[in-house]
Amino acid sequence: MNDVTTGEPLIVLDSVNKWFGPLHVLDDVSLSVGRGEVVVVIGPSGSGKSTLCRTINRLEPINSGTITFDGQPLPAEGKALAKLRSEVGMVFQSFNLFAHKTILENVTLGPVKVRKEKPAAVRERALALLDRVGIANQADKFPAQLSGGQQQRAAIARALAMQPKAMLFDEPTSALDPEMVGEVLEVMTSLASEGMTMVVVTHEMGFARHAANRVIFMADGQLVEDAPPAEFFANPRSARAKDFLSKILTH
Amino acid sequence: MNVLIDKFDVFAGGFWLTLQICLLAAIGALLLGAVVAVLRISPVPPLRAVGTAYVNIFRNMPLTVVMFFAAFGLPALGSNADFLRLPGLDAVFNRLGTDLPYFRFALIALVLYTAAFVCEALRSGVNAVPPGQAEAARSLGLTFSQNLRHVVLPQSWKASVVPLGSVIIAMIKNSALAGFFGVVGDLAQTADQLTSAEGFAFVPVAIGISIGYLIMTVPLGALLDRIEKRQAVAR
Amino acid sequence: GGDDGSSEGTGAGSKSFAAGSTMERLNKAQAIKIGTKFDQPGFGQKGLSGKPEGFDVEVAKIIVKELGIPEDKIEWVEAPSKVREDVIVNGTVDLVAATYTINDKRKERIAFAGPYYEAGQNIMVKKDDTAITGPDSFKDGTKKVCSVTGSTPAETIKQYVKDVATQLVLFDTYDKCRDALKGGQVDAVTTDNVILLGYIAKDEASFKLAGDNFTKEPYGIGVKKEDTDFRNFINDTLEKAFNDGSWKKAWDDTAGKFGAELGAAPTVNRY
Amino acid sequence: MSRQTSVLYDVPGPRQRRITLVSSVAATLLLLVGAYFLIYRPLDDKGQFSMELWGPLIDPSNENFSQVWDRLGLGLKNTLIAAVLAIVSSLVVGTLLAVLRIQLKSLTRRRFVGFATPLAYLLRGLSVLLSAVTRVCVEVFRGLPVVITIFFVARGFPEFGVSFDTLWYLVIGLTIYNSVVIGEILRSGMEGLPGGQAEAAAAIGLSPLQSTRMILLPQAFRIMLPALISQLVVVLKDTSLGFIISYEETLNIGKQVIGVLENPIQVYVVIAVLFIAVNYSLSKLAQYVQHRLSRGRKTAGTPAQNPPPAALMSQAEGAGGPI
Amino acid sequence: MNDVTTGEPLIVLDSVNKWFGPLHVLDDVSLSVGRGEVVVVIGPSGSGKSTLCRTINRLEPINSGTITFDGQPLPAEGKALAKLRSEVGMVFQSFNLFAHKTILENVTLGPVKVRKEKPAAVRERALALLDRVGIANQADKFPAQLSGGQQQRAAIARALAMQPKAMLFDEPTSALDPEMVGEVLEVMTSLASEGMTMVVVTHEMGFARHAANRVIFMADGQLVEDAPPAEFFANPRSARAKDFLSKILTH
């Protein structure tokens, strides 16, 4: 568990509401994530975890409430929004590597095209990042040629290449064969210990226990519990959290 | 713009004739296409070969060539396509006020050509049924024909509707060629007649004819879009 | 055909024409586009050589030679009956020589030089057909007849048939009509006698004419309506050809072989 | 084929193989007898197999052979020229159209915050209008028969004082129709990509246009390559419509040859064979490309294996499409 | 762990080989499963687990070797094969419920059409089975309206409706959301304890530990280990099994 730097929080959600048609997916959610904090979001399927995660870089617009990132309200569109997104790294369940580009191109695309950095310098950094996530030797392959675990690590490197202020993870390991879950969690744990601000939706309770500062439990669009992991796992307050934990931890 | 009003009956007649051609050709193509599809998925290799050959021949040949064969090849062989003068059908041909064989020739060409695409649409429906469905049926002990009847066909039919619809839309558009092969009075030939022979202004005639075709194709296309969207959601 | 094509008298500036005239423009350009039929034996048919052959083609060549343009610089454009006025008006071609009957309706849009030949509408039937003897045979409403969209015979025959919808079949070219007759889809083809004679000559075993000509179809050269200079030039050229024998030679080499009469040279109609 | 069979049938056992063999022999016999009585005999009775009719087409020593094939060669050349021009221009216009429609879709959702209010309204109105106009154009040109489009182009352009060679009428007519179809193929290809591709692009800060250009379009091209090749088949077939405006493509020249040699069946058979040979090879190429894509070397496995339904449909429409 | 009835084994594979083109997917596999025995098959992705499972009811034919079921070699085709299959229940990773039929119709189809039983009697039994797997109230819904866990339980009921002598499970829980894994495993565990002969491909080590009589570890088409679960997990003999277990059990 890493130390949380104090000061004003990096991400603040205030009374956020979101509907998909008649479905109330985020129901008055308020949450603040400090700099360097690692927050794990858990909850049953359909409870709104992904949606919560995606509102933070405005991949999903919200219906009411406010979200501020680094002191600024989220811009609605255009250049400002693109800039915000470039400061928030996102890792998806299904990796979403650009299928027609090599791993290295995937990692360098953002810095070169969005930040207009020099290709040569970016290349250096990208290779260093790929090395860090353990797939430097795969740099010139295409995503389809890699295993799931390797792809997900490449996706993390792609996000890191933008030198983001925070990282969002939406079930990063649940599309992986079980043998590959470990390697991805390892990279995430090391990121956490280096002080990256992270919001992680996951079912990996081991990761939540060891790497998170806080665990958030969601159900039916509501933020039901928010507690340090030790407390949460030892003694969930709500019946729903108890029920969910019993289902997920028994087998 | 006066043509549109003065010659409204001509446009309407053209529309009606085109519609009749399309209806008859659609029925014929669906029937023949189903037969070819059965051949194509039959377990007997020579029948499958015939089905495959049929599809490859007619799919890769311009309809124009098929039309030439029907309208000028059949007569060269001494046929007037009289075998199409079935009791019910004959009434339709005569009601159109013409017993010239070109209507039948155009019909034959459209049916032969479209059937190849109908076959492929039906087959794509069968292919769209997830293999797991047939496997599950087999592992319950269903025989081939039970599998087909209770599991595969009911589902493939749904998957075929949209591609079949596209084939029919294409066929409606293809029917325009009939007007250049002796069928007098359909929309396409009306366009030619009014502009070339009777010298009416081009733009209003073009608008009238276009509306005639769009009335048939656009709503059908919109319907297919809706079915497709609904199916995509249901999945 | 005209084997004396590119001999003396051709080449840019080999002849002098009034400044600004069509003749001068064509001569300068050393190129000309001519609309003709590609499917009418004896008048304009594109054969295996890829070059059209026939009386219309030869007449056009005489005019082109007079313009000082070599024969191989001609671009032949297919001009089916229904598009002949259009291609002239639009400038797709410089002139049309395509069994083109001079009449007043057409003169509203274009102008005619000539005539250079006078044909007449007739009817072609199967060799063994005795029922059709002339246009009146269509009056009882049973016999079907084929012609071509945008031709004068197609209009004329409408006065003889009982029901246009069931009796008259229109194609864009006459060869389709001939095939339809041969296949028995129609009972007759009607158009100018000389066109029909061309088909009969190629297949005497199958076809014959039924009766006599029942109209007069004077053939002209179609040009732009306002281009009186060019029309006069063509009229002069035609008259010259009538006199120097090249007109007769053109006929004898082509349609003349099919048994039609050339007759005396017609008088060109200057208007 | 083998995969498809395996879904419906079990791998046959010895008895099934015997049954198949017997019915194959029976079917073959039946087919041969049928072909003899229904096809060979009637044709032979009409003398359709005589060398007089076939010679000019298949016998190199025939006096007309070389001329006939010179002509048909010219026709083929013209067919290919028209097809290539039409497909290239359709690709260009279609790509622009697809990008335009995708961009307009995201533009119409923009509220133009940060612009002066009247300007913001103007921009929104403009993008809505433009997207409606493109939509209508697409529906109209997709809903009209190509024959009619070609006919209208050849008649309409000169009416307004614009006149070209017939080749260009044909190319323009074909382009109008096919660019719309190709545009829709590419658009549905882009929309059918896993949503994650566009999201990932947005998440690293690419603008919608950058995302379309660098991420979506290249992948849509690759995934839709088979559909695009099938569209090439459609275009090739459609060039035969050139005959209605007197363009000298293969079929039209065939007609001229028939005018001299009077052997329609034979000439049409030869032309049909030519078309089938070319188009069949193209279809095979499309299948091969499809196969390679679905084995997923350089492309996202998922979309290539399961082309989006919309893509399949335009493929069906394309191939079944206007002639 | 249930008692294994003695006597001649129900399923016997003897030197089974299978190729997919050049790929040797089953490499001289011999295995026998006694009546009432529960065998769990584990191994890395692509090792041939599914293929093994599918050869047992001849969804995949084999290239050499023999398979006997209940003392009879597997029939090659026709009615005999259909009859064999009706005696072996199969549960797929992706459920494969008939999408156009209700849950109840899914369950009754086999007995009515294959066994020609009376519809009324079958309906009774089907409802009882659905009750047993806990989804009696979903009988008239279509598969798409059910959660993954419910669908898989319906699929188990469908297989049980044929009163099979053995059941094959191919990763029955790996397409499920984590909260739903438990409910399916529960049904399987109760089946196992009632003495059903089962071959189960799974990554759920908990199930293997508690419900299996034997664990089989496959790699590259070969049957590498075959041991009681306690022994296997405590002390895997081969290096590959060790490696696999270390990856899958750490996080």
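For clarity, chains are labelled A, B, C, D and E in written order, and residue numbers in each chain start from 1.
Note that in this section a residue touches a chain if its C-beta (ideal position, glycine included) is under 8 Å from a C-beta of that chain, and two chains touch if they have at least 3 such contacts.
These numbers come from a predicted model, not from an experiment.
*Asks:* Under the document's definition of touching, what chains do chain B and chain E have as common neighbours?
*Replies:* Expected: D.
*Asks:* Chains shared as neighbours by chain D and chain E?
*Replies:* Intersection of chain D and chain E contact lists gives A, B.
*Asks:* Tell me which has more C-beta contacts between its two chains, B-D or A-D.
*Replies:* B-D
*Asks:* Measuring between Cα centroids, which chain is at the maximum distance from chain A?
*Replies:* Farthest by centroid: C.
*Asks:* Using CA atoms only, can you tell me which chain is the most central one in this structure?
*Replies:* D
*Asks:* Could you give the separation in Å between the centres of chain A and chain C, each centre being the mean of its C-alpha atoms?
*Replies:* 81
*Asks:* Using mean CA coordinates as chain centres, what's the chain B-chain D distance in Å?
*Replies:* Each chain's C-alpha centroid was found; their separation is 17 Å.
*Asks:* So how far apart, in whole Å, are chain A and chain D when each is placed at the average of its C-alpha atoms?
*Replies:* Here chain A and chain D have centroids separated by 44 Å.
*Asks:* Would you kindly tell me how far, in whole Å, the mean C-alpha position of chain C lies from that of chain B?
*Replies:* 40
*Asks:* Which residues does chain E have that touch at least 2 chains other than itself?
*Replies:* none
*Asks:* Quick check: what residues of chain D touch more than one other chain, meaning two or more?
*Replies:* 10, 12, 16, 155, 159, 244, 264
*Asks:* Please set out, as single numbers or ranges, the residues of chain C touching at least two other chains.
*Replies:* As it turns out, chain C has residues touching two or more other chains at 83, 86, 172, 179.
*Asks:* Write out all the pairs of touching chains, ordered by chain label.
*Replies:* A-D, A-E, B-C, B-D, B-E, C-D, D-E
*Asks:* Looking at the complex, which residues from chain B come into contact with chain D?
*Replies:* 41, 43-47, 50, 56-57, 59-65, 68-69, 72-73, 76-78, 114, 117, 120-121, 123-124, 126-127, 129, 131, 134-135, 138, 144, 147-148, 152, 162-163, 166-167, 169-177, 180, 187-188, 191-192, 195-196, 202-203, 206, 209-210, 213-214, 217-218, 221, 224, 228, 231-232
*Asks:* So in the complex, the part of chain D that touches chain E is made up of which residues?
*Replies:* 10-16
*Asks:* Residues of chain D touching chain C in their complex?
*Replies:* 64, 67-68, 70-71, 74, 155, 158-159, 161, 163, 244, 246, 248, 255-262, 264
*Asks:* Write out the stretch or stretches of chain C touching chain D in their complex.
*Replies:* Interface residues on the chain C side: 38-39, 41, 45-50, 77-80, 83, 86, 89-92, 172, 175, 179, 202-203.
*Asks:* Chain A touches which residues of chain D in the complex?
*Replies:* For this pair, the touching residues of chain D are 110-111, 113-114, 194, 196-197, 199-207, 210, 214-215, 218-219, 222, 296-301, 303.
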